[in-house]
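Each of the next two complexes has chain A plus one more chain, namely chain B in the first and chain C in the second.
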Partner chain A sequence: MRPIALIVRRELMAYLRSPLGWVVAAVALLLDGLLFNFFAMGEGHRKSADVLRQFFYFSSGTTMVASLFLAMRLIAEERQTGTIALLYSSPVRDYQIVLGKFLSAFLFLAGITLATIYMPLLILVHGKINLGQIFAGYLGLLLLGSASLSLGLFGSSLTRSQVVAIIIGAALLLFLLLCWLIGSNTERPLSEIFSWLSLHNKHFQPFMSGIINSQDVVYYLSVTYFFLFASTRALEARRWSG
Partner chain B sequence: MIEVEDLTKYYSGRSAISGLTFRIEKGEIVGFLGLNGAGKTTTLRILACLTLPSSGRVRIDGLDAETDAHEIRRRLGFLPDAPPLYEEMSVSSYLRFVAELKGLSRREAAMRVEEVIDTCRLNEAREQLIGTLSHGFRQRTGIAQAVVHRPSLLILDEPTGGLDPVQIVEMRELIKRLGGEHTILLSSHILSEISQTCDRLLIIHEGRIIADGTEAAICQRMSQDQDAGILELEVEGPEGISAAETGERARSVVGKVQGVLTSRVVGQRGRRVQLEVEFNTDRRPAVARAIVESGLGLVRLDRRAMELEAVFQRLTQGSRAGFLPSTAAQRNQAEVKA
Partner chain C sequence: MTATEQKDTSRATIRIEWWPTVAFFVGLVLLYIGERAIGDPARVRLGVDVAAGLAMAAGLVGRARSLTQARDPNHRRAESWILIAMVLVLAGLGLYFLFALGREWLRSSLGKAFDRTDGVAAVLWPALVLLGALPLVAMQRALSAMTDGHGHAEHIEIRRVSYSAHSGATVGLVLIFCFAINYVAGELNKKVDLARFRSTRPSPATIKVVQNLNKPIRAVIFLPSANEVREQIEPYFKDLSQQSGRFTYEVVDHALSPQKARDLSATGNGLIVLGVPDEKNPTQMSQREILHVGTTLETAASALQTFDGDVQKRLLLLTRPGRIAYFTVGHGERGMDRFTLDLTKEDLRAPMSLLQQILQGQGYEVRSLGVGQGLANKVPGDAGIVFIAGPTERFLAEEVNALRSYLEGGGHIFLMFDPMAEGPAADLQPLLQAVGVKFHATLLCNDENYWPRTHQKSDFANIAAVSFSSHASMTTLSRASGRVALVLPRSGWFERDGTTPPGVQLDFTIRSMPKTWEDANHNFTFDKEEKQQVFDLAVAAHKSVGDAKDKKEMRLAALGSVDAMSDLVLGHRPNLVLALDTIKWLMGDEAIAAEVAQEQDLPIVHTRAEDKAWFYLTVFLMPTLILFGGLFYIRRVRRRRAS
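Now for the complex of A and B:
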């Protein structure tokens, strides 16, 4: 466990000491704030619960994009600069590298996400909302974020170019997002499979309204697990080829 | 310490190294010498458990590099050709990170970091960010990183790459100092460095080992093998004759001696002229007689010692099998077969 903790600490430092971490955090928070101001707080009287729902809806968008940007450097950068040789020649297992990298990005993302808490609290000032809905919404955001991070990390484990890494991550994310579209245009049983795979439409929307389904939680955890596993395999494969 | 047997590595169908076999004993400093692309880096990366070989076996401390890689990594310090440095960390926090990553406890790590900062002379840069270090300091941080956990085996890929002459001398001394406690394997394409630091040389060319032994042994073997060589000749002309004329005269005289191939003037000082004479059989007495008989003064006549430089050029030009007498590698192979 100790190597994981060491890697997490180092990676978190890397986010805090590099422009990338701050730029991603600043842009994500700015977008969240603007969207909240224009859409959620938009004209007309609305129910507080709907405003909150909408807040989680667009926050999920910024969370996914921020995840990809945070994840793209994780392994690709080490390959590019050659620092991966240090990890490879140290008594550290591949899964420990992957987990350490993932957890550091997740903690940083969680920090950004939880920094938006003032917006739901603003709604609370003038309206009435259920704290459970806030909790469920944030849980959903974190789960969605962890799944997107693992996609990005997988992209990053395949190449030494961060640009290629984020393109792979974005392509995978887009595919999972669009699964609902494929699902709604195919026959059973394909339609059921695809709509179950759909990253946002099927599994995130319940969280927005404050509903926590165990199958949605399981879905996000499985996606995360699957791509972390694939990343570990990609690292192992590199030892043969490189 | 290290036993390598029939090691082969293919990259997309092309072999980077083929059939490498050698042994390195505990405490030796061994230099791995070869041109760029000869397979040095590939071999070192395999020994450092970074890459797996296509075939063959590597045993380090009796452990198999494929199945016990994790255990080997504890005992191993590696400096790749580009030092694996995190730009945004300070030297001391980076070294502490590496020390703990290699398995030292927090306290041990803090202690060892102080020690290696001392041995590698990093004191003035200890709190500096690595991204702002000069090349010499980066390279030394790279070495510090490799030795911080007291590995029994130290693998350095081109440790003097890109350093200036003063830094090269410092690096050489640092490596010699480290030699006491570690078995060291280092690579270079610069002979002079390797021959001064290492106990033994392995010369690798096109993925094969073409010579193995101490510098003296390799050179001796070569000069016995070779009748051909170069004479260094210095003559003095009589007064009243220009140096250029003296040179011409010496060349024409020497050229008539049997066994001399070419000659050229390489320098002059006052009336003395230096020449280099290439020959294919050693006829020094005949050359001396010819010079004296022609009325020129003979100042110096010397057969240039077969330097490693020349040996290396010879070896890598033809890679003739004849240059590979009883190397340790072949002895090992013979033992294995017996």
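Now for the complex of A and C:
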């Protein structure tokens, strides 16, 4: 655990001490604020549950994009600057590197996500608020962010270029987002598999409405686990891919 | 993938072919398109399938050729592993086609074991494809990494190929594990619904209705087993059944109990039939009420929000049927239309449509009562309660006499005054005299505790009250005395009129806040000649009448502000509670006086100025704080490091 904790601390400091982390956080909040005002609040009178649902819908978009930007540098930057050799030569195992980097990015992302709490709380000024829906929504955002981060980390583990890393991550994310479309244009049993794989449509929408399904939680955790495992394998691939 | 060895004059090199693997995967993709994306026409589908088969066969042959030509032992081993991976993929596909094309033949051959075998095959074929394809890609990548960039390798490092195969296989196994976990999670899914506002728990009011049932009531819930709506509402009825032996319930599936569904006129699942069981045949119901909820949470969402109120309404309809509420008309009383600010309307005063809805929710039939309906003669004998809602025009003496006769004969009247209308207030004074009370039709104001509606001085007339007596009509409010405020826009006040008539129990139920004054000159300002004090804003009086055989109780509730019961403020929770509890007391239902669990989401109402404030706060302030806070932190860290 100690090597993981050290990596988490080091990476978290890297986020906090580089403008990138703060810029990503500020831009994510700015976008969330704009979307909250123009779309979630909208014009006319809306019920608080609808406003919250819309807020989580738009926040999920910024969370996914922020995840990719936070993840792109995690391993690709180490390769780009050559510091990966230091990590390889240190007494740290590959899975510890991946887990440490993932946890640091996740903590930072969780900070950004939870910093938006003032928006739903503003609804309290003139409407009712359902704390259960807020809890479920943020749980969904954190799970979605965790899955997106692991996708981005996998992209980052495959290349030395941060641009290519974010493109790979975005392509994977887009594939999982559009799985519902593939599922609706194919036949059983693949249609069921693709529909199940749908990252947002199938699994995030219940969270927006305040419903927590154990199957959705398991889905996000398994996506996270799979891509972290794949990232570890990609990192280990140096031993056989040259 | 194909590999050939070429001999150079100086040293031997091994050629690593990549095209067989590519051809194999192109074939796989084409097969997917042919089988899954192209349904019709069949000829196109067949063409794509054939092209896929050819591409995969080419890949397989190329790889086999490469194996036969390999001289280096390590190269031969690597090629054989790749070939095995391809065969695994083909085995998976073979299994798929076996069950897709030979389904009927297998069913007849395997008999009862078919379903189980089919389930195993459905899991096994994608697993085989994955366990073949992923190591295949990994091994190809490992081999390609050993070449000089032009497809030639000096030697094959078999450990690297082995490691890559192992890596690909473990990724495949993890993927299969993830699918399996998700399948199980889908089958054993548990849903926690935090979405709705409190709805599907019986409120104290409904519990009291059930505890005071005067006849047995049975609820039959038509929902299938393992249904999400059933999970929500069954505990509700279980709670109710524990309150009284007279209330029972059962859950039945419409499809499994068609006879019962026919007997109760239930057309499908998603219905709740509440009824009084027939004494002779308990399976039948002599009276029944049907409540529609739906079978999915989505369709049931709105029904569940008002579920408790709806159940209570039906229970009251079943146990206290035929109750009629009359509203006097023809004296400028408040209307019953919905509250809309329509400046073209002649009457801009807030109507009583919400009060009417509450009455209907309590099982009342609402009717009008004027001269045309015989008010000048007598109040109809079926009147359960008579409402006089803020008249502004004079009553005939005959009408007042009829109302007084009705009251003294054991009737129930809810009298709501408009303090701006002195004439009708004076006309109705005999009703108050019957209980020894006098009404003062003068406007009360308070400049410290009021409801700011227009932000003008006239808002001082929207007084608040936080002090309530312990009278039965104040059951709920008295528990929150001092903590909740009633809003009474434009209120007059009451005082005793001499000695209370014999037998009358009189209670002043609502008191104004201190420093309230009688604004005699209507300038909404406290003048020197005016006096600040506490006023009585409502009264409740009752008296037993009739002989021992036909004992009745006259009940009168009078309120100084008709607007307190109008659509203007009836959405305010304490005012709503006052209306409910007063009606229940008037009808002798005080035992069931309590709040209904009907907490619904409300629209967010905000002004343009508030919109702006929200906009700047959410869009600019927080991101700017985060950005500059972060940059300031970075600068501090760098300076510290530099020093």
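Assume the second predicted complex is superposed on the first by the 238 of 242 C-alpha atoms of A that agree within 3 Å, B and C clash if a C-alpha of one lies under 4 Å from a C-alpha of the other, contacts with A are read in each partner's own complex, and residues count from 1 in each chain.
Going forward, a contact is a pair of C-beta atoms (placed from the backbone, for glycine too) under 8 Å apart; a residue touches a chain by one contact, two chains touch by 3 or more.
Everything numeric here is computed off the predicted structure, so don't read it as measured data.
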{"item": "Chain B versus chain C as contact partner of A:49, first or second or both or neither", "value": "second"}
{"item": "First (chain B), second (chain C), both or neither touched by A:133", "value": "second"}
{"item": "Touching partner for A:17 - first (chain B), second (chain C), both, neither", "value": "both"}
{"item": "Partner chain in contact with A:65 - chain B first, chain C second, else both or neither", "value": "neither"}
{"item": "Partner chain(s) touched by A:36 [first = chain B, second = chain C, both, neither]", "value": "second"}
{"item": "Touching partner for A:214 - first (chain B), second (chain C), both, neither", "value": "second"}
{"item": "Chain B versus chain C as contact partner of A:83, first or second or both or neither", "value": "first"}
{"item": "Which partner reaches more residues of chain A (counting touched residues only), chain B or chain C", "value": "C"}
{"item": "Intersection of chain A interface sets (partners chain B, chain C)", "value": "17-18, 239-240, 242"}
{"item": "Of all residues in chain A, those that touch chain B in their complex", "value": "2-3, 6-7, 10, 13-14, 17-18, 81-93, 239-240, 242"}
{"item": "Of all residues in chain B, those that touch chain A in their complex", "value": "48-52, 70-71, 73-74, 76, 78, 80, 82-89, 97-98, 100-103, 145"}
{"item": "Parts of chain A lying in touch with chain C, wherever the complex brings them together", "value": "16-19, 21-23, 25-27, 29-30, 32-34, 36-37, 41, 45-49, 51, 115, 118-119, 122-123, 125-128, 130, 132-133, 135-136, 185-187, 189-190, 193, 196, 209-215, 218-219, 222-223, 225-226, 229-230, 233, 236-237, 239-242"}
{"item": "In the complex, chain C residues that touch chain A", "value": "36-37, 39, 122, 126, 138, 141-142, 145-146, 159-161, 163-164, 167, 170-171, 174-175, 178-179, 181-182, 185-186, 188-197, 297, 599, 601-606, 610-611, 614-615, 617-620, 622-624, 626-627, 629-631, 633-634, 637"}
